[in-house]
Amino acid sequence: MKTPQTENKEKIVPILSHALNSLLEEAATKSITVMEVCGTHTVAIFRHGLKALLPKSFKLVSGPGCPVCVTDQSEIDAAISIAEREDSIVATYGDMLRVPGSWTSLQECRARGRSVKVVTSVTQALDLAEENPDKNVVFLGVGFETTAPATALALIEAKKRKLDNFLVLCMHKTVPLALEALANSEELSLDGFLLPGHVSVIIGLNPYRFIPEKYGKACAIAGFEPFEIMAGLLEIARQVIKGEPTIKSMYPRAVRPEGNKTAQELLDKVFEPCNAYWRGLGEIPLSGYKIRPEFEIHDASLRLNIEKKPSPLPTGCRCGDVLKGLISPIECPLFGRACTPMKPVGPCMVSSEGSCAAQYKYDRKGQL
Amino acid sequence: MEKLHIGHGTGGRLTSEIISEILRPFQKTSSSPYLEDCAIVDGNIAVTIDGYTVSPRTFPGGDIGKLAICGSVNDLAMRGAKPKFIAMGLIAEEGLDKNELLSYMESAANTCAELSIQLVTGDTKVLPKGQVDGLYITTCAIGTPPLDREPLGMVRLVPGDVLIVTTEIGQHEATIAAARYGLTVPSLKSDCAPLWPLVEQIIEMKGIKCMRDCTRGGLGTVLCEWAESTSLGIDIYEEKIPISSEVSSICDILGFDPLYLACEGCAVIAVAPEDAEKVLSKLKAHELGKKAQIIGQITEEHKGYVGMNTKAGGKRLVDMPVGEMLPRIC
Amino acid sequence: MCLAVPHEIIKILDENRAIAAAGPVEVEIRTDMVSDISIGDKVLVHAGFAIEKLQGSEGEEICSLWEELREVMENENASNRK
Amino acid sequence: MEKLHIGHGTGGRLTSEIISEILRPFQKTSSSPYLEDCAIVDGNIAVTIDGYTVSPRTFPGGDIGKLAICGSVNDLAMRGAKPKFIAMGLIAEEGLDKNELLSYMESAANTCAELSIQLVTGDTKVLPKGQVDGLYITTCAIGTPPLDREPLGMVRLVPGDVLIVTTEIGQHEATIAAARYGLTVPSLKSDCAPLWPLVEQIIEMKGIKCMRDCTRGGLGTVLCEWAESTSLGIDIYEEKIPISSEVSSICDILGFDPLYLACEGCAVIAVAPEDAEKVLSKLKAHELGKKAQIIGQITEEHKGYVGMNTKAGGKRLVDMPVGEMLPRIC
Amino acid sequence: MKTPQTENKEKIVPILSHALNSLLEEAATKSITVMEVCGTHTVAIFRHGLKALLPKSFKLVSGPGCPVCVTDQSEIDAAISIAEREDSIVATYGDMLRVPGSWTSLQECRARGRSVKVVTSVTQALDLAEENPDKNVVFLGVGFETTAPATALALIEAKKRKLDNFLVLCMHKTVPLALEALANSEELSLDGFLLPGHVSVIIGLNPYRFIPEKYGKACAIAGFEPFEIMAGLLEIARQVIKGEPTIKSMYPRAVRPEGNKTAQELLDKVFEPCNAYWRGLGEIPLSGYKIRPEFEIHDASLRLNIEKKPSPLPTGCRCGDVLKGLISPIECPLFGRACTPMKPVGPCMVSSEGSCAAQYKYDRKGQL
Amino acid sequence: MCLAVPHEIIKILDENRAIAAAGPVEVEIRTDMVSDISIGDKVLVHAGFAIEKLQGSEGEEICSLWEELREVMENENASNRK
């Protein structure tokens, strides 16, 4: 699938960078602050060393777009308490394995012999449920709108196949309302948002319209290749400088303005909005998904009587401020000292797309 | 009560940490300033040991038998030592098919024959079902380094030394990962191969400083070990690193970084700059080195760290991986 | 937030399952969320599910970027000339 | 499709069979007429490898760390070689307590220090829970045999040679069996010990022909191997075999034959008759050989077989054990 | 517990042997054939090399006293079929592990991952049942009167503790009626029996009375030390030569004339006599134990619906004749060739107290 | 047929359980089948159960054998003298 454009695609990055630099130089007085919402963007920016290509006056802050990082500690503790049960198999995407709960992690549970299986698709969790009729197979439903439709489909299928031992611990969240909280923040005073390409594939452009319209922030949707990210940033800069905030998709191959209707219907059918607690951001009304009563037989929190206990953040962790873009990871006093990927204190350090982990892994503290 | 977990065995930061703890009590009688994969003792005996626990045991490009010979023999080759003898310890699970076991022995024996290596001693344990995942092999390889040159090792690295990778990286672990996560890649196979025949082509060149096969933890981990152990900087160029489209795609799909994928027939070689082109062309003339590339150099900058100049024109740190490489969706 | 990789459909297994290739890698995917899939279609795959059909090519996107860049450059030149 | 079972690993008849099958493909490059536990290669390098999988990992008299050094070092000592270097491969289970692991390393290091052995290279693998029973260690020991004497080995056995056992038999496996089957024996501990200090006392005596530590399969298996490999007969005397009341009682209770119980600090030594008494008295003067006994001799009778003159005045065959030693009620 | 007599005990053996030799020499014409009924006697005789101490005219033949050897192949197949079930754990004395059924053995089942646990007492099987409430723990009840009372106690206890998942596959057999078949045999024409010491501990002397009284055969009960065995044989020789067959216990420390009443009551309470099929000897009426209806909830053959299929002996195996004492192991054409302990054809070669195994292991074919 | 080993009772745990020693080996046994067990009693243990109390000592048995032997010998001598 390597096309002749592959070469172009890499050559275009410095040119985009040049254009962005020129643009900001020209609009000399203007310093621009943009939040990349999506953790995959955060990682791509670090991994490809893109910050070095941005003008000094272009400030990029990382947002709350890592579903692992924003998962509340009480939810991680709940997942762990399920893994501790003899009658359960926890099935999870690899992303969740190392996240520290209040006292342990799923990885440590597994090392103690508990049954924690890494899956690359929720369908594998369905298969596990079928193969282990005497166990509850509990799938950890984490992720935003991109990931939630697969969970929805699995629930529909489990119901159809009468796999009553397939349960979902539903922690899915939705992006737009969290953005509203950020757009609304006076502390932050953002000029624009680099919007997540793959969430947008599902939800389309409309759910973001309030951002330029109500809050006057520039928006571009971008894919995850360096040239796509740079193009998105350039587009945002142009909107800001022109004073014409809008939403532009730089990812038209994948993102339809209306999103993926089938996926949206699946979400509607299986989930209903609920208030959700975002680590760092606090409770955001109606920003989470909960399993509808029609599927409650598969709802792990009901079936296994999971009570969420509010749990304090580990002392000193400033994940919350990192997730809100208020500080950069290196401003956290624990960063690189008490908190490293080997012994992460907060989830931002453990999730491979957490801002702290990306900073530590790809930049640390300006060694290069 | 800290427990071991998978991360301690994946070749990155946690592995170095646990190894240094394991070595501490032995410091009474042992003392090597740098941790090479192969020791040279009594003046002229090169010796190395490694355990092989690969799953699946048979994979495109090899099997656990071939791997158990290649892996240890390569550690000798990396210090310039010609492999001569193998000691092999088997730990097998009750219920393992005997013919399957013998087929691995056949592979191992073929690799030994290819290199004129003798199996000189061995051991076989059979444990109850469920205490071994089929078969683990530990091999100890013994050989002799050339007498007429300084021994290879990190201690010889200096700024300016050029880094050459002998072939496309990550082929072995990508092959294993594909099998494990249900990806079909007909054109992919492990690079599992004995490197001595390649090393033999270049070992007389005095400019060769240090070599390392990029096994567990991959190229990235080897470079970090070099930078950290020597307190020198390393600079590499993303676009120079040989990588197949198979490995690229697998990494995209599973969210892996190819720099950290284990190789079993790929080495990184540090060469004095004046000899670099000559070494490269000798490597390229050999079947196992056709895809060799200069990927970077040792530098005085950013001491102790590895920096990568990215294709996109940026620059970033290459750190050791932490823990197990897990497929991810984020 | 969500890794998703373009794949090309190479075999349709049933209404909801297909074999797709990402470069030389073949994998079974679910196609429940995309309709009218045919062999040769490009889809974006996340966690084993095709989440969208890709329209046009990456090439087209790059071309449109070039055009936009030209526009930026022209503005730049224009303002430099000012 | 023949499957491996526990019997293949217990050191008796099935083990010899599977080992000869494993070796067959290697015959292209290897050729040793007799299978000794330790090879002597390149003129003067003694090398051996062994896997240690003992359960429980800590037992009265030792632990898996000490055992992993003693076991391999003893194989060198048995060919008269002074142990100098150890290579150690660890295969650990996810979830193993790190301090437990380090305590074994401490034991291993202490044994190394006692013998002035250097750990020169190592490897650590951590596997998923359930694929290892805690910890397996494979060690490869390297040393040098004395240059001024013919190498020890079965090839030197002749009729008339006297057989000496260096201490009470079966202590190690009886200790393990007691732990495993819930028997309390406060006065019992494993004989686990490095034999080089004992061997050093006698190695200069030219009458020493062949030595073997009576590990897996016990004294009985070693004698059968000798008789079968050399086609000589062996005669032993039940009443001469040193055996503690602890081991006797455990054997009575579980239905075991003490001749087949593994030892880890007990050797059988074949000595020319004229040197036998002198060797015996040297052995008895050392802590590890206080209970040494002459137990029999090599004979021209019943070639290839081991006969035991019983306490009751009868005579019977000693055959290799077949398969796993199982406690029985009949 | 080593007493000063320990030395005496070994010194007495050659003296007893001398006495036996003198006795038979004196009664010059008389050749005596005695069956050692018990496999443990068989093994002790071989292991201590006692045959060498017997007069030529004293012929010792081995009897059917190895409970493993006489267990019918169909029963072994039944045990294996239980081990093949996912829902079962088979608990067995180590003796049964290597016995070949029609197509496999328990050892091979275990090597394939089936759950077969070796226990040294039936109480461990009870514990297993308690620890694994979701599995049936099936104890293989093999053995004669010595072993059966422990099984009886375990059944009583399982009932009391309501361990409904503790099952017994009952294959216990009783000795006296089998002896009657042998005493009655014209082919054999025995002069006497060396009776099993530990079976006698339980049943006492009375059940054997018919042997001297009805069949005129000499009998001695002996323990298992060389001196006890030799003393038993000497006693039998004396009875035969004197023409005064009776039963004499050479093991009075352990064997009371009336046996162990408590154990007998246990047997009565839990088991009832049933016809039993003895490998080699065929069906002997009322020579087996079956679980009484009061305990049938623990009867594996009922609970698991085990149907015993008659299974042919492997071709050429002459276990039957060996067990009846009609031939010695070395007279079997397979002995030491097709049939060795590594690849046993019949159970006599696999059980550690089987006649063929003892012969192979301790004597083979006159090498010494 | 049945391995059974003499043990000495060294501790009584409850009505049906005791610790017994065979030489230096200590093991928990069941005593359901023997009554009036006291410390110091010798019992015969099979498959974890005491199946009988031992009366007298092995020594006594050996002594009685000696006597029997003497008798045999005397007969022998007698008949030799014949």
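As written, the chain order gives the labels A, B, C, D, E and F, with residue 1 at the start of each chain.
Convention: a contact is a pair of C-beta atoms (placed from the backbone, for glycine too) under 8 Å apart; a residue touches a chain by one contact, two chains touch by 3 or more.
Everything quoted here is computed from the prediction, not taken from an experiment.
Between the contact lists of chain B and chain C, the overlap consists of A. Distance from chain A peaks, on a Cα-centroid basis, for F. Between the chains B-D lie more C-beta contact pairs than between any other two chains. Averaging C-alpha coordinates per chain and comparing to chain E, the farthest chain turns out to be C. Remark: chain B and chain F have CA centroids separated by 65 Å (rounded to whole angstrom). The mean-CA centres of chain C and chain E are about 76 angstrom from one another, to the nearest whole unit. A straight line joining the Cα centres of chain D and chain F is 36 Å long.
Chain contacts: chain F has residues 1-3, 22-23, 46-47 touching two or more partner chains. Multi-chain contact residues of chain B (touching two or more other chains): 3-7, 94-95, 128, 130, 182, 245, 255, 328-330.
Those residues of chain E in touch with two or more other chains are numbered 2, 39-40, 66-67, 93, 110-112, 120, 143, 147, 227, 353.
By the definition given earlier, chain contacts exist for A-B, A-C, A-D, B-C, B-D, B-E, D-E, D-F, E-F. By the touch criterion stated above, chain F contacts chain E in their complex at residues 1-4, 6, 8, 21-23, 30, 32-35, 44, 46-49, 51-52, 54-62, 64-66, 68-69, 72-73, 76, 79. By the touch rule above, chain D contacts chain A in their complex via residues 94-95, 128-130. On the side of chain E, the complex with chain D involves touching residues 2, 10, 13-14, 17, 39-40, 46-53, 66-68, 93-95, 97-98, 107-108, 110-112, 118, 120, 143, 147, 226-227, 230, 341-342, 351-353, 360-364, 367-368. Looking at the complex, you find that chain D touches chain F at residues 178, 182-188, 245-246, 248-250, 252-253, 255, 328-330. Taken together, the chain A residues at the contact with chain C in this complex read 1-5, 8-9, 12, 15-16, 19, 22-23, 26, 37-41, 65-67, 93, 120-124, 143-144, 146-147, 149-150, 153, 196-199, 201-202, 227-228, 231, 234-235, 238, 250-256, 260, 262-263, 266, 353.
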